[in-house]
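First chain A sits with chain B, and in the next complex the same chain sits with chain C.
Moving on, here comes the complex of A and B:
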C-alpha cells in the first residue's frame, strides 16, 4: 500500500492531526503508536466495532451447546444415576455452561478479529522502527479519493510533524 | 471531548454538594415516621421487628463500609480516575458512627435473633455447646467493638487526611493515606468477613459456609458502586460536578464496576450453592431447605433474576454504562435488589412459609434510609465536592476512556 506518512514526536500532536484528517473526510488512513493513546479512536472518527456482537452471539451459542449437550448425555444418551439426583440437574451443569460460554465467546472474538484485521500479514512494510519506541505516525493511503500529496504534506507539517515522507 | 485542551481548573470554583430541599425533607420524614414505626414495632411485635432491624442494620452498614473500602482501594492502587468521585465515598463513612450507636441498640435484640444466646438451648445442644467459646455474648460484643475501632479509626483517618489536604495541599496526606490503606484493607477483609459471620451467619448457628464473608462482600461492592453512581449522577444534575470534573468516562468506570460485581455476586452465590447441593450433607443443606421451602422458592428465583439476570443483560452494552439516565435507574434497581438479598439471608430463619411484607418492613427500612441519607448529606454539604488539592486531580480531570 502506498501513501504519505507524517511522523510525530508527541501523542497530542498526533491526536490533533488525526482530528484534522477526520474532519477533512479522509477515509483510508491509519495511526501507528507505540502504546495505546487515549481518545485516538475518537479523534480518528472510528465507529464502534461490530466485534462485541460476535462475542455476544458466540457466548449465547456456547451457553446453548453447553446446556444442550449435557442434557442430552446425562438424561437421554446414557442416563446415569448420580447420588440420587435428577438426570437433569442444572446446578451440576452450570460450570460447563459457563465455561463453554466463555470459551466460544473468547475464541470467536479472537478469531474474527484476526480475520477482519487481515492477519497474519508478513508482507507489510515497516514504516519506521521508531514507531515501536517513542514516535507516532499518521498514514494516508494513496487510494483515498481525496489524496493530494502537497496538501496532506502541508497539513502534517502544520500539525507539528517533524518528518513527512512517501512510503 | 478534546481532553488535551481543557481549560485551567480553578480549585476555588469547587462548591459543596447541594441536595434539593425536597430530597432532604423526604429523608427527614422517612427518618421520623420510620423511627416511630420501628420503635412501635420493636415494642409490639419484637419477633418480626428485630429481624427487620438486623436486615436494615447490615444493609446500611455495608453501604457505609463500602465508602471506607473504596477510599482505601483508590489510595493503595494510586488510582487517578476516581479522585473526583472519592469525596462521595468519604461521605458514606459518615454513617459509621451512627451504625456504632445503632449497634448498641441491636444488642437489646440479640435474644430475639440469635439462638446461641439462649443458655438453656446451648446447654442441651452438643454442637452449640462446642461453639460456645466463640458464640457467646461477651466475645460477640468485644468483636463488634473491635470491628468499629478498625472501621471508624482507620476509615475516618483517611477522610481526615483528605480534608486536611483540601486546605494545605500537602502531598504527605496522600502518602499517609496510602500507608493507612495498606493497613486497613487486610483488616477490613477479615473484620467484614467475621462481622457477617457474627451478625448474619450465626442466625443459623448449626450451619456454616466459609465463603459467606465473600458473598456478603460481593453484595457490599455491588450496592456500594450503585449508590456511588446515584450520588455522582445527582451531583452532575445539581451542577456541582462540572463536565470537567466528571465526564462520561468516569460514569462508564463506575458502571463497569457495577457490572463486574453483578457477575461476581452470582459467581460466589453459585459457588456456595453448588458445593452444598452436591455434597448433600444435612448440616449444610438445612440452609437451602429453609430457603427453597414454601413461597421462598419463587422468592429465590426472583432474586436470581433481579440480582443477576436483569443487571447483567442491562449493563452489558457499552452505551448503557455511559448513559447517566439509564445507569441512574439501574443503580436504584440494584440497590433494591441488594436489599432483597440481605432480606433473603435473614428472614427465612424466622418465617418458614415465605416472605412477609408490611408496615414493619417499610417502616424499618424508611428509618434506616432516612438516618443514613441525612448523615451522608450533612457531611457532603459542608465540604468541597471534590478533593481540590489532591496531587492526582489534574490527571483525573478530563479523564479519557
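Moving on, here comes the complex of A and C:
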C-alpha cells in the first residue's frame, strides 16, 4: 500500500474531498475514519454492501438443516414413539428450526463481513495512530492510473487537509 | 411576560437534554474511555473486585462440593424437583435480555441514548448467560455426561436427543443466544479495540490489542460492510431475544402442571426479563460510574432516567400478567388451577408471593416521580428491590406450583441447604468478577458510536 494521504480534522472536509476524488474518476482510493461518517459511502461512490444476501442464504440454509435434521433423526434414522406424537411433529420442531436459522445467518454475516474487510490482517499498515482517535484521512494509491502526486496534494490542501504526505 | 418570551421558555424546556457532555471532543472521548484500560485501577475498583472474587470462590467451592458428591447436597425432594437452580437459571437468563434489547432493538429504533450504555449492557448479557448456563449443567447431576443429554451427536448407541422436548429447545435457544450475543458484542468492539491498540506504548500490550482488533484500520470500504453487518445482526438479535425467554417459559408452559400450563407465559416472561435486566443494568452502571469516575460525562442522568421509564413500563406489564393469571385461574373453572393460585398467595409460601408483588409491582411505581427517576441513590435501592422481586417471581412460579401436587399425601416443602445458597450467592460473585474485569481490559463505552452521536449533534447545532 503506497500512495499519498491527506489528513483532515473535520469529517465534513473529508466528505467534500472524497466527492472530488470520486468525480475525478480515481479508482484506487480509500478513506480512514475513527467512526462511520454518514454520507461517506455516497461521497466515495461505494456500492451497497452485498451482505444481506449472505444473511438471507445462510438463514435459509440454517432453516433447511434444522428441518431436515430433526425429521431425519426423529422419523427415519431411529423412529421413536414419544407420547404417541407423530414422528414428524412439525410444530414441536419450530423452535429449533428458528434457532438454527438465526445461528447460521448471524455467524455467516459476521464471518463474511470480516473476510470481506480483509481481516484478520495483523500486519495492516497503520497510516497514523490518530485515525482511530479524532483524525480523518483520504488515501490515493500510487497504483491508480490517474495518480499525479502534485495534483492530488494540491486537491487535498484546497479541501482543507492539515497534512499531506507520502506513505 | 410577552408571548414571545413564553414561546421561547417553552421551547427551552422542550429542548433535549444532551446525551454526552457537550464540551467533549472526539479526542476527549478516546482519552476518557481508554483511560481506565490504561492505568492502574482505582482503589475502589480493587476493593469491589476483591469482594466479588471472594464471593465467587464461595460459589465455586459449593459447586465443587455438588459435583463431587451429587445434587443430594441440595434441598430438593421427590415433590419439589426443581427449585433454587432453575430459579437462578431463569433469573440470570432474564438479566441478559436487557443487554440485547438495548443493543439491538433500540438500535433499530434509532434511539441514540443507547450508545453510552450498549457496550456494558451487552457485556452484562454475555456474563449473565454464562452464569445462567452453570445451573442446568449442575442440575444434570453428572455434568461430565451432559453433552450426551444435551447435544445431538452421533454416539455409540445411535440414539438422538428428543427434539419434541422444551428442555432441548432451551439448549438450542440459550446456546444460540450466547453465540450471537458474543459475535454482536465483538463486532462492536473491533473499532474500539483498534483505538486502544493505536494508543498502546508497551509492546506486549500492542500485540494483544492488535490480535484482538484483527488489524482494523477504519477504512471507509470496511465501514461500509461493517455497518450493514451490524444492522443485520441487530435485526437477527431482535427476534432471537424474544424467542429465548419464550422458549425458557415453554419449559413450564408446555407441561400440564397447574400453575405452569398457561399461554400467557411467553410474553409475561419476556416482559419480566426486560424488567429485571434493566434493573441490573442500572445497578451495574451506578457501580461502574463510582469505580470509574471518567464515565460520568457519558453515562448521564438522562440515560438512567430513560431506563427507569422502561422499568416502570415493563413493571406494569408484569403486574398486569399477575392479575391475568389470577383471573384466568378463577375463570377457567378448573379447581386444580384455582387451588394452585390461592395456595400461591395464601399458602405456606405466601410470603414469597407478596415479596414478589411488593418488589415488582408496588415499588417501581415510585418512578412516576421525576425527582426519584433522577436520584441515583433511590434508583440504586429500587433496582435492587426489582431484582429481588424478579428472583422471587421465578421461585414462586417453580416452587409453589410443585410443592402441592394432585395427591395430598405427596405434598411437601422445600428448604434450601447452605450449598444451594452458596451457589446462588457465588453466581453473583462470578457475574460481578467478570464485569469488573471487563471494565479494566476493554473499552466500556462504544467510542466509535459515541463519536458519531457527537458528530450528529454538531450538525443539528449547525442547522439551528
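Throughout what follows, the second predicted complex is superposed on the first by the 167 of 167 C-alpha atoms of A that agree within 3 Å, B and C clash if a C-alpha of one lies under 4 Å from a C-alpha of the other, contacts with A are read in each partner's own complex, and residues count from 1 in each chain.
What we mean here is this: a contact is a pair of C-beta atoms (placed from the backbone, for glycine too) under 8 Å apart; a residue touches a chain by one contact, two chains touch by 3 or more.
Because the structure is a prediction, the values reported are computed rather than measured.
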Touched partner set for A:15, first chain B, second chain C, both or neither: first
Which superposed partner A:57 touches (first chain B, second chain C, both, neither): neither
Touched chain A residues, chain B compared with chain C: C
Partner chain(s) touched by A:114 [first = chain B, second = chain C, both, neither]: second
Which superposed partner A:42 touches (first chain B, second chain C, both, neither): first
Partner chain(s) touched by A:95 [first = chain B, second = chain C, both, neither]: both
Partner chain(s) touched by A:34 [first = chain B, second = chain C, both, neither]: second
Overlap of chain C and chain B interfaces on chain A (superposed complexes): 38, 48, 52, 83, 92, 95
Residues of chain A defined as touching chain C within the complex: 11, 18, 30-38, 40-41, 44, 46, 48-49, 51-52, 55, 69-70, 73-74, 77-78, 80, 82-83, 85, 89, 92-93, 95-96, 98-100, 102-103, 105-107, 109-110, 113-114, 116-127, 129-134
Touching residues on chain C, where the partner in the complex is chain A: 25-27, 30, 152, 158-160, 162-164, 166, 168-169, 172-173, 176, 179-180, 183-184, 187, 190-191, 194-195, 197-199, 210-211, 214-229, 232-233, 236-237, 239-240, 243, 247, 250, 447-449, 451-452, 455-456
Complex contacts: residues of chain B adjacent to chain A: 1-4, 270, 273-274, 277-278, 280, 316-318, 400-401
In the complex, chain A residues that touch chain B: 12, 15-16, 19, 38-39, 42, 48, 52, 56, 83, 91-92, 94-95
